[in-house]
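Chains: A, B, C and D, in written order; residue numbering restarts at 1 for each.
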Amino acid sequence: MTFEVRDNIDIAWCPGCGNFPIRKALIQALEEMNLEQKDVVLVSGIGQAAKMPQYLNSNFFNGLHGRAMAVGFGVKSTNPDLKVIVEGGDGDMYGEGGNHFLHNIRRNIDVAHLVHNNMVYGLTKGQASPTSQLGFETPLQVDGVILKPLNPIALALSAGATFVARAFSSDMEKTKEIIKKAINHKGYALVDIFQPCVSFNKINTNKWYKDNSYYLDDNYDNTSLSNAYEKALEKDKFPLGVIYKSDEGNSYTDRHNVYQKENTPVHKRKKDIKSVNKLINS
Amino acid sequence: MGKTVNIVLSGEAGEGLKTIEKLITDLVSKYYYYFATKEVMSRVRGGNNTTEIRISEDKVYAFQKNIDVLFLLNDNALYRLEERINEKTVIFGSEKYKDDKIIKNKKSKLEIIDLDKLAKEAGNKLFKNTIIFGFLLGMMELEREEGNEKIKEFFNDKKEDIIDKNIDALEMGYKKGENHTDLFNIKKGNIENCKNISGTEAVGIGALAGGCNFVGSYPMSPATGVLTYLAAKGKEFDVLVEQAEDEIAALNMVIGSWYTGGRGLATTSGGGFALMQEAVSLSGVSETPCVVHIAQRPGPATGMPTRMEQGDLNLTVYAGHGEFPRIIVAPGTLKDGIELTQKAFYLADKYQVPAFILTDQFYVDSNSQMEKFELDEKYLEQNIVETDEDYKRYKITEDGISPRGIPGYGKGVVKGDSHEHTEEGLGTEDFNIRRKMNEKRMRKTVKILEDYIEPELIGDKDYKNLLVGWGSTYGVLSEYVNKSKDSKTSFLNIKQLYPLSENLKEYFEKAEKVLVVENNFKGQLANLLKLELGIKVDEKVLKYSGEPFSIEEIESKLKEVL
Amino acid sequence: MTFEVRDNIDIAWCPGCGNFPIRKALIQALEEMNLEQKDVVLVSGIGQAAKMPQYLNSNFFNGLHGRAMAVGFGVKSTNPDLKVIVEGGDGDMYGEGGNHFLHNIRRNIDVAHLVHNNMVYGLTKGQASPTSQLGFETPLQVDGVILKPLNPIALALSAGATFVARAFSSDMEKTKEIIKKAINHKGYALVDIFQPCVSFNKINTNKWYKDNSYYLDDNYDNTSLSNAYEKALEKDKFPLGVIYKSDEGNSYTDRHNVYQKENTPVHKRKKDIKSVNKLINS
Amino acid sequence: MGKTVNIVLSGEAGEGLKTIEKLITDLVSKYYYYFATKEVMSRVRGGNNTTEIRISEDKVYAFQKNIDVLFLLNDNALYRLEERINEKTVIFGSEKYKDDKIIKNKKSKLEIIDLDKLAKEAGNKLFKNTIIFGFLLGMMELEREEGNEKIKEFFNDKKEDIIDKNIDALEMGYKKGENHTDLFNIKKGNIENCKNISGTEAVGIGALAGGCNFVGSYPMSPATGVLTYLAAKGKEFDVLVEQAEDEIAALNMVIGSWYTGGRGLATTSGGGFALMQEAVSLSGVSETPCVVHIAQRPGPATGMPTRMEQGDLNLTVYAGHGEFPRIIVAPGTLKDGIELTQKAFYLADKYQVPAFILTDQFYVDSNSQMEKFELDEKYLEQNIVETDEDYKRYKITEDGISPRGIPGYGKGVVKGDSHEHTEEGLGTEDFNIRRKMNEKRMRKTVKILEDYIEPELIGDKDYKNLLVGWGSTYGVLSEYVNKSKDSKTSFLNIKQLYPLSENLKEYFEKAEKVLVVENNFKGQLANLLKLELGIKVDEKVLKYSGEPFSIEEIESKLKEVL
């Protein structure tokens, strides 16, 4: 049993795309965690990154652009026994999906949220994404981006995220470890993954990401919110690693009244027409 | 038809009309038939709202325009009612109305009663409602003691002192009411085996009966009631209820839940449903079932948030981009509210399509007696298979239905996809597969029609004129037919609006004249009948002011055209 | 000329509602700033707060629940000569409208964004809003709110807002002054206004708001982002006043290429069919 | 009909098919008629895409299935083309294809050409495209010099060295091509007064011609081209273009702009348009105009992002909750793309309604020659009034049109409202006003119909069979009629799909047989004709595989049914 797909599959990403190592990292993470395909659900939207579930052998729901978090919420809260990974691009998750990003952090729903941050819209051929840097020129932003780039780390912290991390696709091993931690985290876990898009982002290249990032060192205390904000707001270089982790609260399904009553996933609970008849006949 | 008295209470938002309604209908429903409805403004306090309680010797279902007995709860309670009073109306109101022009013009009878003063005498202005309750009991010659019991029940969490004072207030009103027993000369009966419920509760119960275990919704009038109903029942009935951040999230959550094996519901109104269109399409292509309750209100856009209309049938029939099957039901009676909602879950599950329950503000906000009945357990059945290792989510089958697996149940994996896909559930750009998958999905309509929910014919089977309606016009049209004793005119209530069965044609072929009655501008059902079944509609009787049809209005409109 | 409405108008708010003093504060702010009604546009969504424009005599566009910011963007960018105020409730702006909140901050579009924060959905009769506090019980959240309350101040900062303030409706004078500053700010300006809802929020009452807030003192330096974050994250009491103000960047319309070319509002620029003909005939 | 050669280039995404297409069509369009279209996968690199360039002595408009000359740009370029080659096809490809089964089975002729090797010889694999360009020139016996000029023009920002090398590569290809002039025995003409444009450009130019000065949109295939076209022209033509955070924002921005006096456009596809439904309704009730370009692709949901379908007509006709008038146009020709888009702005403004331009992927991604013409300035007219102090935005008028003011222009204030409202623009709950406002809005349809955009009849006026189509089927149906010389069959292209004019009936009354041809499953136009005009459609010719109709397919399908 492996999450790897049969070899004849045609992966529709460009050669050299940062999505390939992320795929590898994810597959290895899942396998090293000894998860079974049948217990894992990948939920994604639309975009290059969002094609990921199609290239992994496991349950998936590949839904609408921007809406994966909402579907993921429905999956996890209906069956908390499943491991749910919500994955997609920066446009998918922070643009069209911005509202679900915010509010599912507030829910602290127990999903790993993997966002491929290539600072561009890949699939639609190179428009600005919410994380595109100022001045980035595209066929649509002809004189360069004039909107401030969105800072997913700071936003997630401000929305109350209990796990916030950043990875870099080219470091497969480290990315894998971060993904594992995110999956293991009980609650919402963001991993914003720097991912070079070789076709449409000629500015934020592999080298650029490398030159503009560094790993948090081992004695960085990621349980401190103020540390985390400091890191989130750093301007020179972007820190990589787990920036914040808190065990302050239970996840959504622990706190919801139906799961306080009992653990059984709601869809597995026996329905009885007699109790409903009472509503009519009493 | 037996006699009916139409009692209307007019007051401000937040003045307690609901409390009086609840107290009085609980009591009268043991001895009389009743129908209660309200029309409220889109505000929390002030303005002018009314509650109508029709009490009758026979079953009544309709909004009645003409008021028999009117209570004006404050000095600003009459200005909207000019059209509804006449020389037969008896009005109870304060001194302020003594020289009121409207009352004079309409030659109504004013009985001065200073509710505020009485309430103050009773100790607090909050006693006003209890006084009116007492008044009504007196007028109806119901037992004081029964009233007292209701009071105790209602205020059971309050201090004894409060209960006592309320009982005194009730007595105060009772005495006044006793002087007006002439206003209520209705034969007392014994109504058994009935339950008072509202349209909202009917849909809520129906959801539970359909095995609903997940609700993702965003509040929106007039659909919020179903949401709070299920929230209140959630823990007992194992329903996970979540307030979504917006309607788009709501339906995507619900779809996520169905994918996982849940039975999810979203409840909303037209504007919220407009936001769900893309997700409806997702349900269509991914063949993930979903159920949406749409409580209509007048549009476009915000329109009139607390009023009624049947303007969103088209939106529902054509919801979502691209082409895929769907099911639409519209309850007319309270029992239908339960049964059709229950079936919506069952059919969505069975055919893996979106199913819609179309109601409207008038339907959800009215209440009446419903005869008790036993629900059919069959509709809790789930069509979920245990997957094997090479499970294919979208297997092409003769009837278009692919056995549906869910994650974690069986050895296989379940791939749900919003792209056009292969049998396995992987995105494809193959034109042939596309064509076949499209045809497979569309084929399900044939099967859906085998389960077609038959319409109800009210009136004589040998009719000349056929009135046709859907949803909440059930009340007024059935009352009209029952009352008119004109055996030439019957009423066909269509319960399943989409897809429409060819069998319906029979009803139309028999008719010399077909009249479709709807609360919208275009005659949306009439158009659907024309398009889908080629039916020639002779007359559309339409109303789009935000108000339901009154029984008087239907009588006079039909007199014109029949 | 006054922004006050004719006196026979029926204001649909509950007696004692915090919206009344906000209305007064806004009218006075506009009048003291000597603005003309014809040059002011109030844009709102749906909710009790969003009824505001109906009770003011000026241009308005009272659109859809959650979408006022997007309409406001369309208004301001089409005619930068207009003063645009976008107003509504916490549900309207942070719930349904959350995505437009985020991304219009990134645009730094020059609008004053007044959000009535009553920590509840008023118009729909008392469900939780994004700012409802943990444990708040409602007919929908029967066992109390389990989602973390959204922190609009921290979120606005993280999204890059150039003006972030908080006011309290009961202090009419101070609220007025803050509103004036927001209107005067060249760029996006958030004023989150604590507003008691007497009908549906029996927890966060006028007294509660009073007891749980304090005014920033005069020597608070609101040009420092780290000061602002500190204030935003305070847990005991909520600070009132202008928490952050930056003049770092120009507003959206200053930076957009059509306005770099010239100042005339786009809709006033003369269109000439000849130049279009050239696209066909050359 | 004169002779036609259908040249198809097959390669990977990102391999430069676009460049060859551009170079060659620029040149041939001076001497021949051409039609170029592409079909691409939803990916950026790899996979298999093709570009078809039909070159003809006569006007051609349609997708042709059978390939005359095929270039396989790599070793993986044939597998999808089995159905498109035959014994007349000449294929240029590498050694690898020598024993190819498909080619053998189809008895096509293979000419070995190792493009990669040649390119390497020329100095770089990027020269492959130039070699093919040269080859085609040689084959067509066009002047080398003209090719060289094109190369210089195209690479004008490159170093001279690069240009020289490209010219050498061109020569290399030219020489090879010269050996195959037999494949191209078409009479050279002189095409004058034409402009090469694509459907995307047509819509973009139309927007500029309609006075568009604001664009709020979110990228979505296949509608993004119009967005980037206008972004490129923005500064010169004073169009403020903004990428919205989502489609809901997009249309609300556009509505905000129109309210302020702007003329805004949103461009999207079905899924994005599904998200705009609530805002469409806002445009309806607030009578704020808006224009939306919907480039259709196969649904439901994500469907096939880069393929074609005409599946969203219903969604557009019934878009938004509640009832209100709207205008829908669908261009068939390139000129229509310009003119109908221009008129959409004009009509939206004049009638204060949402106006929709419905195209599809095949339309926007194809290009051809368009005869030059002068635009009508009249459509830039704006119906905006200067307000006076007691200006009322929603004045009830006989024709339903209330003079439209904008903020800051005049002494008055402008109150736009999504609630049902008074004439002043204040929310109301008065049933009478509601009714009147509703009727006022609906009344506008009568005026809109006075401006009805007439359909185009192609073929003999005295027909027996009437083919009916809309949008991009124009090409194939007009080519069919022009070619078939069967004077009994004509083609009616309906340009304005909603509202439909009663005058259209005339066309149908004359016909013995009515055939509606559409790229969808249900026959959405056929249904609309039935519903709105009572037209009996004898045959629906439908295709819903994601591919456009080919001329051969139409010929054979019509042979069956005519």
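Convention: contacts are C-beta pairs under 8 Å (C-beta built on N, C-alpha and C of every residue); 3 or more make two chains touch, one makes a residue touch a chain.
Just so it is clear, the structure is predicted and the values come from calculations on it, not from any experiment.
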Farthest chain from chain C by C-alpha centroid distance is chain D
Of the chain pairs B-C and A-B, which one is connected by the greater count of C-beta contacts? A-B
Could you state the distance in Å from the CA-based centre of chain B to that of chain C? 37
Between chain B and chain D, tell me the centre distance in angstrom, where each centre is the average of that chain's C-alpha atoms. 44
Just curious, how far off is chain D from chain C if you go by their C-alpha centres, in Å? 41
Multi-chain contacts in chain C, i.e. residues touching at least two other chains, fall at 46, 63-64, 95-96, 98-99, 102-103, 130, 142-143, 256-257
Residue numbers in chain D touching 2 or more other chains? 41-42, 234-235, 245-246, 248, 271, 278, 282, 286, 301-302, 418-419, 427
Can you list the chain A residues touching chain D in their complex? 10, 12-15, 46, 48, 63-66, 95-96, 98, 121-125, 127-128, 130, 139-143, 199-200
Can you list the residues on chain C that touch chain A in the complex? 95-96, 98-99, 102-103, 105-108, 130, 142-143, 146-151, 154-155, 157-160, 225, 229, 232-233, 249, 252, 255-257, 260
Under the touch definition given earlier, write down the residues of chain B that touch chain D in their complex. 41-42, 47, 248, 270-271, 273-275, 277-278, 280-282, 284-286, 298-307, 309, 311-312, 314-315, 317-318, 320-324, 418-420, 427, 429, 431-432, 434-435, 438, 442, 520-522, 527, 530-531, 544-547
Chain D contact footprint on chain C (complex, rising order): 37-39, 41, 43, 46, 51, 53-54, 57-64, 67, 70-75, 77-79, 81-82, 99-100, 102-103, 256-259, 261, 265-269, 271, 273, 275-277, 279-281
If we count contacts the way the header does, which residues on chain B are in touch with chain C in the complex? 14, 41-47, 218-221, 224, 227-228, 231-232, 234-235, 241, 243, 245-246, 271, 301-302
